[in-house]
Amino acid sequence: MIYKVISKEEFSRFVDALIRENCSYGPREVDTDRHGNPVYQFRRVHSADEVAFDYTATHSSAKHLMLPYREELSRFRFSEGDWEQDIEYRVKPRLLVGLRPCDISALNILDDVLLNGKFPSPYYLAQRKNTFIIGMDHLPLPDCFCQSLNHHTVTKGFNLFCSDIGDSYYLSVNSSKALTYLKNFAIGDPTHEDDCRLIERRKLIKQSFQTEVEVTGLPSFLDIEFDSPIWQKWGDKCLNCGTCAMVCPTCYCYDTSERIDTDLEGASRQKQLYSCNLVDFAEVAGGHNFRPGNGDRLKYRYYHHYRGFAENANQQICVGCNRCGRACLADINPKDVINDLRMEKESCMICVSPSPPRT
Amino acid sequence: MHDMRFTIPPQDINKEHFAEEVADFNRKSALMQTDRGYKCRITNIVDLTGQEKLFQLRIVNPEERRLFTFLPGQFLMLEVPGYGQIPISISSSTNNQEFIELCIRRAGRVTSALFQAGEGAMVAIRGPFGSSFPMHEMSGSNVILVAGGLGIAPLRAPLYWINEHRDRYRNVHLLYGTKEPSQMLFTYQFEEWKKVNHIDLHTIVEEPGPQWEGRTGMITELLQDIDIDADNTYAIVCGPPVMFKFVCNRLEREGIPMNRMFVSLERRMHCGMGKCCRCMVGTTFTCVDGPVFDYWSVMNLQEAI
Amino acid sequence: MQHLGFSTNKLKIGSFDFTCCEGCQLQLANKEETLPEFLDLLDIRNFREISSERFDDYDIALVEGSISRSDEVERLQAIRKQAKILIAYGSCACFGGVNSLKNHFPPDECVHEVYGDSPVETLPVRRISDVVKVDFSIPGCPVSKDEVERIVVSIATGAMISLPKYPVCVECKQQLNTCLFDLGEVCLGPITRAGCNAVCTTGKTACLGCRGPAEDINYRSFRELVKEHGLSLDEMEEKLRFYNCFEEFRDDES
Amino acid sequence: MTKVNCSIDVHHLTRVEGHGNIHIDIRNGELVDAKWAVVETPRFFEVMVKTMSPARVPFLTSRICGICSISHSLASIRSLERAMEISPPPAAEKLRLLAMHGETLQSHALHIFFLAVPDFVDTPSVIPLVESHPHIVQAGLRLKAAGNAISELVTGRCTHPVSLVLGGVSKAPDKEKLEALRAQLDAVRADLDTTAEFCSTLQIPSFVRETEFVSLRNGNTYPAIGGDLVSTDGVRRDENDYLAMTNEYKPEFTTTKFTRLSRGSFAAGALARFNNNVDLLRPEAVSVARQFGLEPVNHNPFMNNIAQLVECVHIVHDAIDLIDDLLDDPLNELKTPWKPKEGAATGAVEAPRGILYHHMEVDRHGTVCRGDCIIPTTQNNANIHHDLAALARQAADEGKDDQEIRQLCEMLVRAYDPCISCSVH
């Protein structure tokens, strides 16, 4: 990693040049909600003016740029008694500006899951390799809890990362491409003061978290609490609407389906992001549903996120952005569910002491 | 206007070296091939019952045919272009390099399309995937195979294996139960299994018709018919989830340790590669960690059965 | 489907409309880019709106609209007799649709209001499945041509057909829409069957539930959330009533 | 030689929207009976709107008709906005006009190519034309697609609009998509030429019956949303005076109502709009009209098909200008906030088939307490009915056989492009 410093005006000239030259995405204000607050989403941007650099959080994550909600995996062309399969992994290069550390961490987690296993996903790889990422730190919102999961800072997975140190940005340059582009602009090496300001900034961010979710020992808690009544309790609220999984930066479960073209001369195999909260996620042919209740399905999402599955080395995949909590109409959020689970556990267990407090 | 200097160059992953490799799902898959299978021709279709057919598939490309090896208990993803892909247990001998047999029940979209297909149809397979029955570990022991209904399909591969290495195993029992006599699969092989391969075969049905002369009742009753040497016996159990519980509990009472009983689980699957998460059981994937689990692991996997 | 060794035949189809706006039939002529191929799948035996030729040897009957007169009952029964597969399409056919709103008023009042003293026959609105057996339903007001196309192709190629079981929110979130509850409106998306690609919420108007309830919906929680967002239950009730799709849930709580 | 006896019964006329019957009876050279009877099932929309919140009404009334749902929605919106004194922002007005254009274009294209043309080339439907006249069908499909593309982009979908709401429009179209739409419209201009060329080869029956033509007129633009109510007989009234303009009555033999103004019947629709507003048409459209010898006041109902084509030309050009206008607009003010309020007013719009009136009354609780909708086809019913008699008599005099008379009568009804299910709402 190479560190540089750039003034804010120069930075916006730099970003503007990149945005104009490429197919670019960034946080944009798209609406005003009923409380008068702006609503942001990662959308196409055509110049730096359109980017809301001081955005709070986007309603949905930027996941859809790497894992499109719907994606054609391959096409079949039918011919006389035979067929051919065409598979394309071509993605046009893109710029993604303004990603938060937790969102970059989320991509790193997706990398783990989708690129490191026995069967890496070429579709994801093509998207990931062709996305130039400029990250940005920010002060947490009152309900952010990424610090609890240690995702409030990030050291890989981006091309360039900017930390706000007053009238300039402290840049962590993580790719030669980024450095090459930057060379056309007035950048400097960080001075001792810049370093100090960066440390101050980091400290400030760390101290600004208002929400903490206790996740130590959570995997074994979850294992023990499989039959806990709290799943039923939260399940009763859950609408099975899949919103949480759609906005989450790390939910990646999917569904595939095939559709024959109207001219009957070919077919396409498509992938659609799914959610374990959707009613037929675990239904098999013949109608048997392995997770028939709302609570069973809700529990599953928590298992995947806070216990982790074997395939991703039993790691927690939640990054603590609380998008799911904010988006949930029934007001279900990780903090409350996990606290509930802990309370339940701690109130009934005398012999097992609660996990030691975090330091 | 800005200068072209700021254009991000494309990275074409199609050009990367693994593009040319042939997929080998047993070892490490070649990246480019995760959505492409081996093309197969359906060379023969046998009507077994009104619900099930046995499909014989032959991989078209000789190189791929040579590469395709599997272990008893593994499954493959069968692609029927235009209709979808589904996980199906391989129901033929691991020794058979010429063709693959799949015993398929008509259930939904993909299977119905297959049931309309004729000989010569072109489909594709990906795989094999998943874990297998520990045939080597079982050698020198007695083996009890318990099948309920379509559960006989995944048991055919271990059966072939045992028959091909019959001297390695001691007493081999096959207990097979279905709801009605007409649903019994592979009856034409029963004599061969009994006479040639010395398999102790017992069958039972729940609802006997007028023709049925054999036993009537639940499959667990067949366990009373055989002598179980608990210290030296392995069991393989396949069938509907409710059956696992009854059979395995019975066998456990007989004294067979839980880690010597094996079951094959079934879940919805869309990838077979541990990505779509549809086949999660507890915190494990049926496709990668399963479908074959020992009963001890199943007991530890919440909501497995 | 040559690669599977079986061939497909043109579907002998008839399209019939009852009490409705005929908007669903009109959809069949939309999506112009694939229209010629779509028509190629069909052998249209009876389709008054687009063709003068009328034959009674169709296998598949597409039935649009609801039933609100006795002669319609007879016509529908004759269609059922002929058709091997009867598909109800559109919310009017599947649920009664907006026409059912009239059922909330006394029949005399309806006739008097519009026709004065002239006698006009009208029955309470019924869905198609109240009168004859329906083999498959394609909901929507109007139906989505893409979905109809998918289903017709499936029938032609002998594939099983299904509708999404999950609610509209899934598709709505996939479009990156701002949730209408955040904008202060009651939206029926969380309890309505997806498949329309969340067209209404993408146009920033609330889903009125034209596709009927999704599978296994949590109506109680939905009602709670409307209350908790400080929104009007009357507005919710009016929306639930709109297409007559949520009758079974309406009296859950008072 | 004069034909002596003729009896025609068309049960459920095909290639029209809705169910209608034609009945003609000529005995001993005398016309005994000529009837245009609508047998559609009534749905009672006017009852349904009662007790409904105004915001929901346009979504309900759009379901009166699957072809002109945008017009219905906008008629309700206009009447309710006038009743509750809401003024939509200018950008919203432009978008609404564009939406109307989209609907009219697709409706006219559907009528010309799918419903009317098969008669002229003597096929039962458009399907055989796919083989015999591929380039015409392709041109028709592209025109229809362009109309649908406008509606879809502006209102969210082509049938039953989603983003036309009280106070304005709920969502601005994406600018990139607007640009693409502009390009699409630019491209279909060639298809208009092809169509005009093709139509000039068609044999338009010569039949004239003098009648009165009613349409909107605002004096500035070719009519679409709101304006004065005018007729070729010189009547001019305020929008709220719609009842005096329509004078509905119900004959025995049909479920729909008939209307009249200065004479026994009058006509609405493309030809009426043309006859009253030719001065406001774009020059490109006027020149096409001239090509067909279409000039106001034209009394041949079959020329309605040509008037529709002329309007298509006007719309495509006007829509392109509107889009250019919208591309320059920031489109950030699209909706005026409003509160329900007591009041009553009429909203008149020019639906593809003619002038459409919605009259709504909101009570002091802010709910709709009365609604009235008068549909273009209702206004045309009486004219169709009288035309049928005249046409049958003329054809019989010319010695045409039953089959020919039947064909002509069907063509006549189709030329009006009736929307029957809509007329019995």
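Order as written gives the chain letters A, B, C and D; numbering starts at 1 within each chain.
Keep this in mind: a contact is a pair of C-beta atoms (placed from the backbone, for glycine too) under 8 Å apart; a residue touches a chain by one contact, two chains touch by 3 or more.
For each chain, UniProt lists the protein as follows: B = FAD/NAD(P)-binding protein; C = NADH:ubiquinone oxidoreductase.
What you are looking at is a predicted structure, and each value in this text was computed from that prediction instead of being measured.
Peer 1: Whose C-alpha centre lies nearest the centre of all protein C-alpha atoms?
Peer 2: C
Peer 1: Rounded to the nearest whole Å, what is the centre-to-centre distance of chain A and chain D, using the mean of the C-alpha atoms as each centre?
Peer 2: For chain A versus chain D, the centre distance works out to 51 Å.
Peer 1: Can you compute the centre-to-centre distance for chain B (FAD/NAD(P)-binding protein) and chain D, using the mean CA position of each chain? Integer Å is fine.
Peer 2: That gives a centre separation of 63 Å.
Peer 1: Give, as an integer number of Å, the spacing between the C-alpha centres of chain B (FAD/NAD(P)-binding protein) and chain A.
Peer 2: Spacing between the chain centres: roughly 36 Å.
Peer 1: Enumerate the residues of chain B (FAD/NAD(P)-binding protein) that touch no fewer than two other chains.
Peer 2: 81-83, 108, 120, 122
Peer 1: What are the residues of chain D that contact at least two other chains?
Peer 2: none
Peer 1: Return the residues of chain C touching two or more other chains; collapse runs of consecutive numbers into ranges.
Peer 2: In chain C, 1, 3, 5, 157, 159 touch at least two other chains.
Peer 1: Could you run through all the chain pairs that touch each other?
Peer 2: A-B, A-C, B-C, C-D
Peer 1: Going by the contact rule at the top, pick out the chain A residues touching chain C in the complex.
Peer 2: Within the complex, chain A contacts chain C at residues 30-31, 33-34, 39, 41-43, 59-60, 64, 69-70, 78-83, 236-243, 246-247, 259-264, 273, 275, 278-280, 294, 327, 329-331.
Peer 1: Chain C touches which residues of chain D in the complex?
Peer 2: 12, 14-19, 41-44, 46-48, 50, 52-53, 56, 59-60, 63-67, 69, 110, 114-115, 118, 124-127, 130, 137, 141-142, 144-145, 148, 155-163, 165, 170-171, 250, 255, 421-422
Peer 1: Provide the residue numbers of chain C that touch chain D in the complex, in ascending order.
Peer 2: Contact set of chain C toward chain D: 17-27, 29-30, 32-33, 35-36, 39, 44, 47-54, 68-69, 72, 97-99, 101-102, 105, 109-111, 113-116, 118, 120, 122, 141-142, 199-200, 202-205, 208, 235, 238-239, 242.
Peer 1: Residue numbers of chain B (FAD/NAD(P)-binding protein) touching chain A in their complex, please.
Peer 2: Counting only chain B (FAD/NAD(P)-binding protein), the residues touching chain A are 2-14, 28-29, 31-32, 34-36, 81-85, 107-108, 111, 120, 122, 124, 266-268, 270-271, 273-278, 280-281, 283-285, 288-289, 302-303.
Peer 1: Please give the residue numbers of chain B (FAD/NAD(P)-binding protein) that touch chain C in the complex, ascending.
Peer 2: Of all residues in chain B (FAD/NAD(P)-binding protein), those touching chain C are 42, 80-83, 108-109, 112-114, 116-123.
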